[in-house]
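Both complexes shown next keep chain A, but they swap its partner, so chain B is in the first and chain C is in the second.
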Partner chain A sequence: MQTEALSEVQVESTVARKPAIWETLTSEKYFKWTLLIPLLIVLAIFMVYPLLYCAYYSFHQWGMRGEAIYIGAQNYRQLLNDKAFLEALYRTLKVLVICVSCELLIGLGLALLWSREFPGENIVRGLALLPLLVAPLILSLLWNFMFEFDFGAVNLVLQALGLNKVYWWSPERALYTICFITIWQWFPFSTFVLVAGLRSLPRDVFEAAKVDGASPWYTFRRLTLPMLSPLIMIIVVLRTMWLIRLFDPLYGTTRGGVQTELLDWIVYRTAFVYFDIGYGSTMAIFSLVLTIAVCAVMFKILMRALEGAR
Partner chain B sequence: MRYRGIVIGSLVVVLLLVCSFAVLAQEKFGLKDIPEIKNKKPINMIVETGAAWDKVIEYIKQFETATGVKVNIERVASPVVYSKENVELMAGTGYYDVVYVETSWTCEWSDYLWDLEELAAQYDPKGVEGFREDIHNISPVLLRCGQAYGKQMVLPFYTYHMGMFIREDVYNDPTEQAAFKAKYGYDLKPPTTYKELYDQAEFFTRKKGDLLKGKTLDHDLYGVAMMAGAYQINDEITSWIWGMGGDYATVVKNPDGTIKEFVITKKDKDILKQALTQYKALLKFAPAGCLTANFDFACAQQGEGFAIIQPHQFASLFTWTADLLKQKVPDGRLGIYPTVGGQPYTGAWSLGVAKATKNPEAAYWLVRYIASYDCQKVLMKEGGQFSARMDLLLDPEFHSPEVEYPLGIVCSYLVDIWQKQAPYVDNYWYFNTRAGGKVYEMQMNVLHKPMAEEVTIDECVEELVAKTIELTSKFDTVPIREE
Partner chain C sequence: MKILFWLVTALVLFVIVAPLAWIYLTAFKSPNDIFTTEARKLIFFKPTMENFNRLFREFPFWDNFVNTAIISVSSTVVVMVIASFAAYSFARWNTGKGHLLFTTISTRMFPGVVAAIPFFVMYRNLGLLDTRFGLALLHIYFNVSFATFLLYGFFKEIPVELEQAAMVDGYSRVDIFRKIVLPLVRPGLAVTAVFCLVWSWNEFLFSFLFTRVAARPVTVLISSFWGSIEVQYGPMAAGAAIVILPTLVAAWFMQRYIIRGLTFGAVKG
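Moving on, here comes the complex of A and B:
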């Protein structure tokens, strides 16, 4: 009797017992939130709050001293008439087009070469990765010395070859020199992404094309390129996001001089040199919106490419 | 005879006593003079990266041992110092107890720094007088740069006062002297006017294969080396306009000495325009790399024997340039002179105490210690920087025949130029405005533009005036207007 009574109590208590917190958190219903919430908290603190803070100050005049003064859309109006800002924007777009195109072309060319097996391939690939491993600021300082007119290694080599010295940092060339440094550092990224893509392509399709007598150019145009297009789009999207924020190559070289001031540099100068937080925030918001817009378009194209690839 | 011995003995004793008193009277403030610090909370400070501080940091450890106060040191590159400190000061966090200050930021940060005399009154057993007695050895120019509205906010520890570096061996060469006189009709001597500077820059600009001091050149030679990059061009232009009696804005004072307003006068604008025009004209005698150059490039050009004159350069770089020249051109010798107009850009890295500090007592004594004779000597002897203290620059140790060139002559130059320039410093706009730091940074960018053909000189002046007014209106309470 006693045993039976006890077991009834036990059964009742089991039925009535609330699940432990850990059980709730790991239950099927809540587990996804358990995993997501820490990330969302971090994002809210480090991304959403600064973004809202930035958006708030873009409507104010504030230099970190005293109260911020609400000025409506005046900062935005000023931005649209700011010659220096518009020039920086134009230059950024120019750098974006030049760098993305060159990196893709070089990357694709090298990927086609390196996707085959050849003696010493690991050494070559390892060396090609080096530019990516060096801090961009250090790299820009090094290139600054290498491109120096009188002492720079590049001009010394040109002279040794009997050629004239080139003024790499002249106002006409400086922006292209910045592009060169950026391309030099980042071409391995597109190369290795595309090498991985090429190696994962199904061999049977290419073999069939070969049997059908398709020329290498036709195979490349009709098979390789369409199959690689999702990866190409990923490279374009990522590089676009990074290039809109290009900063380090300027810091170690021209510091925004000789007509090389880019979007991120002017934002930095305004917000963290003049500490004109209001106007700097406006520029930052504009830069963010631009990045989102460009990337949204790219993303749409990427999705279409993925659909096509399927 | 017996009395003669006693008299002589007494005289010797008296003499020894007098000497001892004299030595004691001359004894400088040092670590031993710091009283017991009651507040033991650790203090934080930021310092530049570089060899100078590598040495001083070892001496800061002695401060820690003597006082029992831990000093946490954060080291950053000099271009980052301002932004890092500015945020903490404005937010009043008190994170940095000792603040690293470029003298043109003194007024701007004056609301966030302690008046050092107030701290002296509170913590120094000798009071304000003891403080003043020690700092009167510091350059009057640099002390004034470290003041805001009459209050001593910071103490300078090393200077970057500018000067003009010339190749003295070339100037003293009879062949060059004769050729110059024949061409320009006057003697070759360090330039004191713009015309002389232009003539000499033109005269010394030569091609590979031409002669210099009767020897064939194996490289192109440039008359001048300048820093026209978007980083230090404003220091050069400042020297130029101060030398012409102008400024970025004129400080108008009330009869009681307080500042009434800033006016960008027509004269200021004309002088700026003229200075920019002359500077740009001179660039054709400078290496092409000058358009992106900082101090290191310009000094390297002269040190390598590629340039004859650096019209404006930080005096602290003289010894480095001279040493480099000695390696590359064994018979080469540099000289240092005032820049054209005799009012070179001035300033110093300095230290102050943050108002929000949690330990003003220890922070004050650390600032005093680093500005002391002993610590400054370390900075100069081992760190290779030039002290802000005149008593140190005149120390016979730095003027012995072995070190007179290049070290001693820079010391003498600095003491001399400080005395000559002292009457003018009070009216320099940089050291009277709270917008100095912001305007200084803006100038780097704007003044560089006409040199890079991005804008015309007229457009540059227009932009500079507009931005100076905009930034000053935002960051200073003193009204500013354009005449």
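Moving on, here comes the complex of A and C:
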């Protein structure tokens, strides 16, 4: 078998001589870079170019028509005094904190509940993971309807239970309603990450703790939580990455109204509704720098956590 | 204790499944049953195909559905080629010493709107707005980093010894990649491809900004039913019921891999 394969390769290489460039590209030294060429091209086009473009226009005033006018750092000065933008920034952080902490708490509770294998587990997991792959936009439209004041299922059920109907999309509540939608879709994620974590923990340590007479709470606090911390870190980092650019749930519900405008939405509104490319680019650059700063720190933590998990 | 366990489990599953089931219930309701204030009618009603008929007759649902299918399949094919090459290079040689891998993954953290601004202007000049080709390009960009990172984990699992043995047998680097490594990561390739299909299928921001009529994906059509003047809940639910079906099926059959995929390969659920 081996000799056959060997001769086949030899025949191939003698019959069709590959051109010299092919030899170089697949040589021991360059092959690893050859494999990366397509990816690097994509990254150059879709990362470097937009970056330079936005950086350039952030110093200009341009509305898609006519000439761009150089205005120095004026856009940035305006940004730091832009109340709407700062509010959007604050709201994004608020959503981040609320969603991540709720998902973690619910996830931890359910993971402890489902930490041992149980009959029917595949069905439970299968059903629980369903929302994760459904388009966030469609889910937000669904919940928008469910939370409708007059005909929404939630209010009808509340009424049937003898409670008062709630106006879910009022300016005070809308942001929390959006948080709820996001948490509803994503708590199965943290749950099953933590289930995987709990099941991989070494049994003997916990048995030893039991023999020593440690209380369940003490065991949880001093053994389970520290051992789960790499996974908790992974959840926090990944969820931050997704949440910082929340857009779809806004489009399906409030469209940035009733005090729910988040970071990506205000950039979208400035650049694509008002066609203010210059100022929009400034916001984009600002939110990009913020994201990268947050994520660079988190990526370091994540990598350390990954080493711990593996 | 046992009872409490199943009670909580059942409650959680109800909270998760009921809203999804409700899409399917609404899809078969007549307008009268949708706009009702009777709680009983949430579940008990006379099913009708009216919404589906309206959806197919009055809206370009199937045209947009085909757009979504073409865009997600074509972008996924290209992504898989680019990502499998790159992931193999990263996994085997640690090319770029981790910095390149970080750069790659950081595109996933990029706010979509940052890329959207320059590309909107560029597409307008090149006439790529509202074309399937243009949108597929953006989907390639937005999936390629995810696919590379996920595949990286799968490639890492292949023992180097196998490749060394093949080299002793006189295989070239290209042959090793094609005949030994790729067949071994086939499950990983399948999982990654399904994820890319799903992300592209669900993608909204670029689809919504870069298409109008001809290349409009079906998610954008469904979002248009929620207009500022009137809301067409019936066709919206009918369309959503069809569109989310493939992703629900994917979620069910990939349940063992979902956590692994969503954590970029870090946690093997």
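Just so we're on the same page, the second predicted complex is superposed on the first by the 265 of 310 C-alpha atoms of A that agree within 3 Å, B and C clash if a C-alpha of one lies under 4 Å from a C-alpha of the other, contacts with A are read in each partner's own complex, and residues count from 1 in each chain.
Just so it is clear, a residue touches a chain if its C-beta (ideal position, glycine included) is under 8 Å from a C-beta of that chain, and two chains touch if they have at least 3 such contacts.
As the structure is a computational prediction, the values presented were derived from the model and not from experiment.
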Clash or fit, chain B versus chain C on superposed chain A: clash
First, second, both or neither for A:L163, with chain B first and chain C second: neither
Chain A residues touched - chain C or chain B, whichever exceeds: C
First (chain B), second (chain C), both or neither touched by A:C54: second
Touching partner for A:G257 - first (chain B), second (chain C), both, neither: first
Which of chain B and chain C A:M64 touches, first, second, both or neither: both
Partner chain(s) touched by A:R245 [first = chain B, second = chain C, both, neither]: second
Chain B versus chain C as contact partner of A:F189, first or second or both or neither: second
First, second, both or neither for A:F151, with chain B first and chain C second: both
Which superposed partner A:L142 touches (first chain B, second chain C, both, neither): second
Contacts of A:S287 with chain B and chain C, given as first, second, both or neither: second
Of the stretches 44-52, 170-178 or 458-466 belonging to chain B, the one that collides with chain C: 44-52
Doubly contacted residues of chain A, that is, touched by chain B and again by chain C: 64, 144, 150-151, 272
Complex interface listing, chain B residues touching chain A: 82-83, 86-87, 90-91, 220, 229-231, 287-289, 291-292, 297, 300-301, 304, 306, 438, 441-442, 444-445, 448, 452-454, 471, 474-475
Sites on chain A touched by chain C in the complex: 2, 5-6, 9-10, 13, 26, 28, 31-33, 35-36, 38-39, 42-43, 45-47, 49-51, 53-54, 57, 64, 110, 113-114, 118, 122, 124-139, 141-146, 150-151, 153, 156-157, 159-160, 184, 188-189, 192-193, 195-197, 231, 234, 238, 241, 244-245, 247-248, 251-252, 263-264, 267-268, 271-272, 277, 280-281, 284-285, 287-288, 291-292, 295, 299, 302, 306, 309
Residues on chain A engaged by chain B in the complex (per definition of touch): 61, 63-65, 144, 148-151, 167, 169-171, 174, 253-259, 261, 269, 272-276
Chain A contact footprint on chain C (complex, rising order): 5, 8-9, 12-13, 15-17, 19-20, 22-23, 26, 34-39, 42, 81-83, 85-86, 88-89, 92-93, 95-96, 100, 102-121, 138, 140-141, 144, 148, 169-175, 198, 201-202, 204-205, 208-209, 219, 222-223, 225-226, 231, 233, 236-237, 240, 243-244, 247-248, 250-252, 254-255, 258-259, 262-264, 266-269
